[in-house]
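Encoded as C-alpha cells, the structure appears first; notes follow it.
Labels for the chains are A, B, C and D, by order of writing; each one numbers its residues from 1.
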Amino acid sequence: MRAYRLMEFGRIDGIVVTDRPMPEPGPTEILIKVHAASINRRDIMLLEQTYPRPAVPAVVPLSDGAGEVLAVGARVTRFKVGDRVTGNYWPRWRDGRLADDQLDQLGCTLDGMASEYAVLDEQWAVRVPQHLSWPEAASLSCAGVTAWNAVAGCAAGAPGRTVLTLGAGDVSLFAVQFAKMMGCQVIVTTSRDSKADKLKSLGADHVINYLSTPQWGTAVRDLTGGQGADLVVETVGPETIEQSIAACARHAEIVLLIWKSPGRPDLVIPGDVYGPKLATLRRIFVGSRVDLEAMIKAIATNGTRPVIDRVFPFHQLHDAYRYFQDTSRFGKVAITMD
Amino acid sequence: MRAYRLMEFGRIDGIVVTDRPMPEPGPTEILIKVHAASINRRDIMLLEQTYPRPAVPAVVPLSDGAGEVLAVGARVTRFKVGDRVTGNYWPRWRDGRLADDQLDQLGCTLDGMASEYAVLDEQWAVRVPQHLSWPEAASLSCAGVTAWNAVAGCAAGAPGRTVLTLGAGDVSLFAVQFAKMMGCQVIVTTSRDSKADKLKSLGADHVINYLSTPQWGTAVRDLTGGQGADLVVETVGPETIEQSIAACARHAEIVLLIWKSPGRPDLVIPGDVYGPKLATLRRIFVGSRVDLEAMIKAIATNGTRPVIDRVFPFHQLHDAYRYFQDTSRFGKVAITMD
Amino acid sequence: MRAYRLMEFGRIDGIVVTDRPMPEPGPTEILIKVHAASINRRDIMLLEQTYPRPAVPAVVPLSDGAGEVLAVGARVTRFKVGDRVTGNYWPRWRDGRLADDQLDQLGCTLDGMASEYAVLDEQWAVRVPQHLSWPEAASLSCAGVTAWNAVAGCAAGAPGRTVLTLGAGDVSLFAVQFAKMMGCQVIVTTSRDSKADKLKSLGADHVINYLSTPQWGTAVRDLTGGQGADLVVETVGPETIEQSIAACARHAEIVLLIWKSPGRPDLVIPGDVYGPKLATLRRIFVGSRVDLEAMIKAIATNGTRPVIDRVFPFHQLHDAYRYFQDTSRFGKVAITMD
Amino acid sequence: MRAYRLMEFGRIDGIVVTDRPMPEPGPTEILIKVHAASINRRDIMLLEQTYPRPAVPAVVPLSDGAGEVLAVGARVTRFKVGDRVTGNYWPRWRDGRLADDQLDQLGCTLDGMASEYAVLDEQWAVRVPQHLSWPEAASLSCAGVTAWNAVAGCAAGAPGRTVLTLGAGDVSLFAVQFAKMMGCQVIVTTSRDSKADKLKSLGADHVINYLSTPQWGTAVRDLTGGQGADLVVETVGPETIEQSIAACARHAEIVLLIWKSPGRPDLVIPGDVYGPKLATLRRIFVGSRVDLEAMIKAIATNGTRPVIDRVFPFHQLHDAYRYFQDTSRFGKVAITMD
C-alpha cells in the first residue's frame, strides 16, 4: 500500500510516497481504507519545523483523514467492518484534561492519514456522520475541533452573544458555522472583499475588511452598540492581539490559538487597552476524543457541512500542499484516495 | 386610567377593573403606556392561592406586559420617552443569585401589567426588540425567561445535545425555540396529535404522544440510540418525574419547574430508575434582569418570535383567563390595550 | 498466594479463602504485594446483592487496598518496584465523565484487594502518600473519593460555606475532614452523643443528635443564622431527605449518595419544603482516577490521615465484615496482610 | 467633622484635612463613626494619577475603612445602630458581573474612609466579624477581596493545588492566608530573606528569593516535582510575567492584577514559554459586595486576621502614606480615628 512519509524537513518534496506491505490490525486495532485526508496549517508547520512538537522520522503526515473500517482486531468492540470513521488529533486524549502521557499526535509522532490504509487503536477513532462526503469527513479532527472548543467549549459562546473570528482560514470558517449553530451574532475580519459574500453565506452577520479598517477593534464595538465582542477566536496572534483586545467587551473571552509568528516571538498585550476589559485569555490545543464526538453529534444534528475548497487526487499531495498556502482559497484542501 | 386589580381570590370575577388617577413617575421611575400584557400559569395560581408567594391585596395582576415609555423621572438614565420596554419578573433581582431582599414580583407583591399605564423603577425594566409585536413583547418575562434559564443556563444545553421538554405549554414552546436556536436535538411530549405538526414547525425533531406511549421515557431513549436526553425541561412534576428520569442520559440534567400538583404534594423519585443515571436535578425560578436581557439579545439576534395563540381586548380579561386554561391552545394568551 | 473470593452471596461465610499460583504481570501491568485492604458499605451490599452492579462469580472482594509494587511488566512506565500504590474504584475511568465502557469495578467485576497479591494495569493504580500507614492508604478509593467529590467537586464547597454531613459513617468522616481542609463550617448529625466529641476532634463545628432533635433541619438553620447549609452530603437517602432539604439554604447543593433503602424504594421530596429552596440535587458515584489523584495530593499537602477504627489480620476477614456493621465504630475497618 | 480630601494630585501634601458639618444620613443611608481606615496601592496610584479611573475633585480618599453605625435613615433595613461595618470597593456592584453603571469606587469617584464619619447607602456596606480589631476590619475591601477572588474565585484554587503568589505585598499576604485556608500548597517569592520566616509563619510552604533565584519559574517547577503551579497570583505584571508563565503547570490559571508598570506599558508574553502551557490568563478587579460577604464569612469561620504592619493616628495620614511605600513593611498600613 502507498503512503506518504515525511523524509526531509523544510520542503514539500521532502514528503515522499512509499510502498509498504499492507498492515495488519492488532487485537485492539482497526484497519481503515482511507478515502480522503486534509491539510491543516499544523502540517505546514511540521514540515517547516515550527510546530511545538517535532515530527518523528518518516512519519505519515496529516492528522485529518476518514475512511471505512476494513478489518478489526479480535478484541475490538467499538467498530465493525464497514463503519465510517476518522481519528482524533490527540489519539490518546479521551476526556478531561490533556495529560503528559497523551501527547502523541497523528501525523506527527504517530503515523497519520496521508496513506491508502491506516491502522488505529479502536480508542483513537470515532464514527463520522452519514451526510458528509469523504473529504468533508476528513476535515473534522484538527480545525473543526479547535473551532468547536473555541466557540462551544466556552462560557462566552451562548445564544445572542457576539463572536468575533479572525480571517477566513479553516478554523475561522468552522467558528462561523458553530457560532451560528449556537445562535450567536458573528463578526469576521478578512482582507479580501471577495470573501465577504462567502462568509455571509456561511452565516456571518458582519464582515470587516481589516486592510481598509485597520482599527477594526473600534469597528467591532461600533457594530455591537459600543459593547464589543463577547468571544474572540484569535487565529492570528501577535499581529492582531491589540485589535482583538480593543474589539472585546468587558468580561470577554479571547481564545488564543497562535501565540507567536515569524519575526514576532512574543504576544504583546497593551496594558492600557487590556486593563479595563477584564478579559480572559484562554489557550486551547485542539481537543479530546469526547470533544470530537460532541462536535460530530452537533454536526449531525444540524446537517452542517465543512467548507471544502478543493480536492486533489492522492498522487498530487505536493500540489495540494502548495495550494493550501494560496490565500485566496476558502475552505479545506483535501486529497482523495478514491 | 383603568387597571385590573385582584380584589378577591378563587374566582376570575375577583379581578375587577378600577379607574384611578394617572400615576406620576418618581425621580428614578418611568411611566409606561402598556400596549399588551399576557397571562402565565402563575397568574392562575396566584388567583387560586396555590402560588408559593401570596399576592398583596388589590394588586394589579400579570407579570408580563410591554409598552412605550411616556415619561421619565428626573434621575432616569436608562430610558427615554418612546422606548419600548418590558419589566422583569423579579424586578429587584438584577444579577447573580436571588437574595432575600429581592423577592418582590410584578403582579404579585408589586403592581403588574394588567393596566393601561404602569410605573416601574428604571432598574426594573429592559428594552424589547423592534421585530416583536406588542403581544409578543408582552410574552417574555415569565415563561420566556424560565425556558431560557432551563435551556441556555445549563451546561447540558449545547449544540448536538438532546433536549426533552414536556407538553406544549408556554414554557415548553419557548424551550423548543431556544433549544433549536442553540443547535440541540429537541424531543417534545404532548397528548394531542393535532399539536405534533405545530411543534415540528416550531423546530421539534420528534414529538411523542404520551397517552399512546405511556412509557415515553423508553421512547426517548430509543430515539437517541439508547442514550437518553441530556436535558429534561420538567414542566409538570409529580406526574411525570418517573418517566423524565427514565428518559434521561447518564449525567443528564433535569430542570424542575413544578414540584407538586393538586393531590400530589411530593416529588417521588424512584430509586432504581434514578440511581444509575447520575442525573442532576436543578430548580430554577424564572430569572434575573441580566437573564432577561441575555434572552432578549438572543431573540433579537435570531429573529425569534414568541408563539401567540390569541389576543383579547383589554375589557375581555376574564375571557382571556378562561381561555388560558383551554388545553387545546398553542401559544401565549395576551390582552391588548390598543 | 491466598485470596478471598466471593463464592456465595447472602452470607459472610460465602467469602472463602483460596490458594492459587502467584500471578504474573502482563506487559502493561504491575504486581502488588498488598499490605492492607478495607471494607466499604458497598462490599456488604455486593454480598447481599443489593448493589446496582452484581459481582462476578468468585471475584476477589474489596475495592480498597494498598501495597508495594513487586514487579512491573515490560511496557510499564508509571511505576517502578517499591512504589506504594492503591487502585481506583472504577479502574477504567481516568478523567472526565464515566462512560459505558468504564463500568468495571475492583472487587465487583474485577478482582479486588482482599488478597495477598494483586495485579493491576498500570493505568488503574496511583501512588499513595508517604505519611500514611498501610491501613490508612487502603482507605482512600471508595469512601474517600466519594467524600472528596461531594465536598471538593462542588461549587458549594468553598471557604466559609456551611457543609452538613449526615452521620459518622466512613464517607461522612472524610467529608468532615475535607470540608475543614477547605475552610468550611461543618455540621454533622449523629444518633450517639459518644461520637460528638470524636467528630469535633476531627473538625466538626457543630454536632446534632438527630434522635433528640428530630427536626434537625431547623436546628441547622438555627446554627447558621437562619440561612441553612450550603452543601448537604446526603449519605442516607429516603429517611433523611426531608430534613436535608429543610436544612439547606436557598441555592444549596445536596449531594445524593443513597437513593433507596430497604423498605423505601423511592426518594420522596416534599414539594412545599423543596419548592422555594432552589436547591440542586446532584448524584455522584465515587470518581475517576484523576479525582483520586487530586484527593491524594490534597491529603499529602495537608497531612490528613483517614480515621481507622480497627485493623484485623488477614485471616479474620469474616470478623472484620461483622465488625464493620457495628454502629458504634468510628472510622474504617481494615485488614492487614503483614 | 474632619476628613481628608484629595485637593491636588502628585504629592502627599495634596491630601489636606478639612472640617465640615456632620453629615446626615438620607432615607436609605447609614452614618458611620469610622474607627480605622487603611491604605492600598491604588490610593497611591490615584494620587499619582496612574490609576485607570481618575479621582473626582476633593474626594475623601481610601476605599478601606471600618466603623460603627451611629444613625440610620428611615428606610434602612439592613443595619441598626451599633453594627460594625465596612464598605464595598465598588459600592454599586452587588453580585454577578460588573456593569457600566456600577463603576463608582469609594475613595475615587465617591467619598472614601479617610474621615471621622462617613455616610454610605445601606446597600454599599456589610458587617465585619467580631474577632477583628478596627484596623483589621479596615483592611478587607480592596486587597482582601482582590486576593479572595484570585484564589477562591478560581477553579484552580482547590485543596492540594499549588498556588504561587508574588511578593509580600498586601494582596499576596491575603493570598497566602486564603490559599492555606483552602488546603493549597503555597509558594511565595520575595526579594528579602528577612520576610521568608514571616511568610512561613503565615502559612507559606516555600519561599523563593527572586533576586538570588532569577529563574524562579524553574524553582517553582522543581518544588512541585516538575509540575508547576496551578494558580499564579500575578501581583506585579510586566516584570514578572515571563517567569510566572515558566512557573505554571499545564492548564494553570494566572490571575493578572497588574498589566503595566512605569516604563513598561505592555505585558509581553513569550510565545515559546506560553504556547505549550495551555494556561488561562484571567483579569480581576477587586469584587462585588457578594464577594466581600463571602470572604468575610470565610474569615469569620476560620478566625483569620489580616496582617497589620503599623497603625498611625488620624493626624499622621501623610506619614502613613509615606510609610506605605517602605518596601520593608509586612502587612497593611492603617490609620485610626480613636
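One rule holds for everything that comes next: contacts are C-beta pairs under 8 Å (C-beta built on N, C-alpha and C of every residue); 3 or more make two chains touch, one makes a residue touch a chain.
Given the structure is predicted, the values throughout are model-derived calculations rather than measurements.
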{"item": "Labels of chains that are neighbours to chain A and to chain B", "value": "C, D"}
{"item": "Between the pairs C-D and B-D, the one where more C-beta pairs touch", "value": "C-D"}
{"item": "Geometric centre distance via CA averages, chain D-chain B, whole Å", "value": "42"}
{"item": "Contacts with two or more other chains, residues of chain B listed in rising order", "value": "97"}
{"item": "Residues of chain B defined as touching chain D within the complex", "value": "77-78, 94-97, 99, 101, 288, 290"}
{"item": "Residue numbers on chain D that touch chain A, as the complex places them", "value": "52, 97-98, 237-238, 250-251, 259-260, 264-272, 274-285"}
{"item": "Contact footprint of chain D on chain C as seen in their complex", "value": "152, 158-161, 178, 181-185, 205, 294-302"}
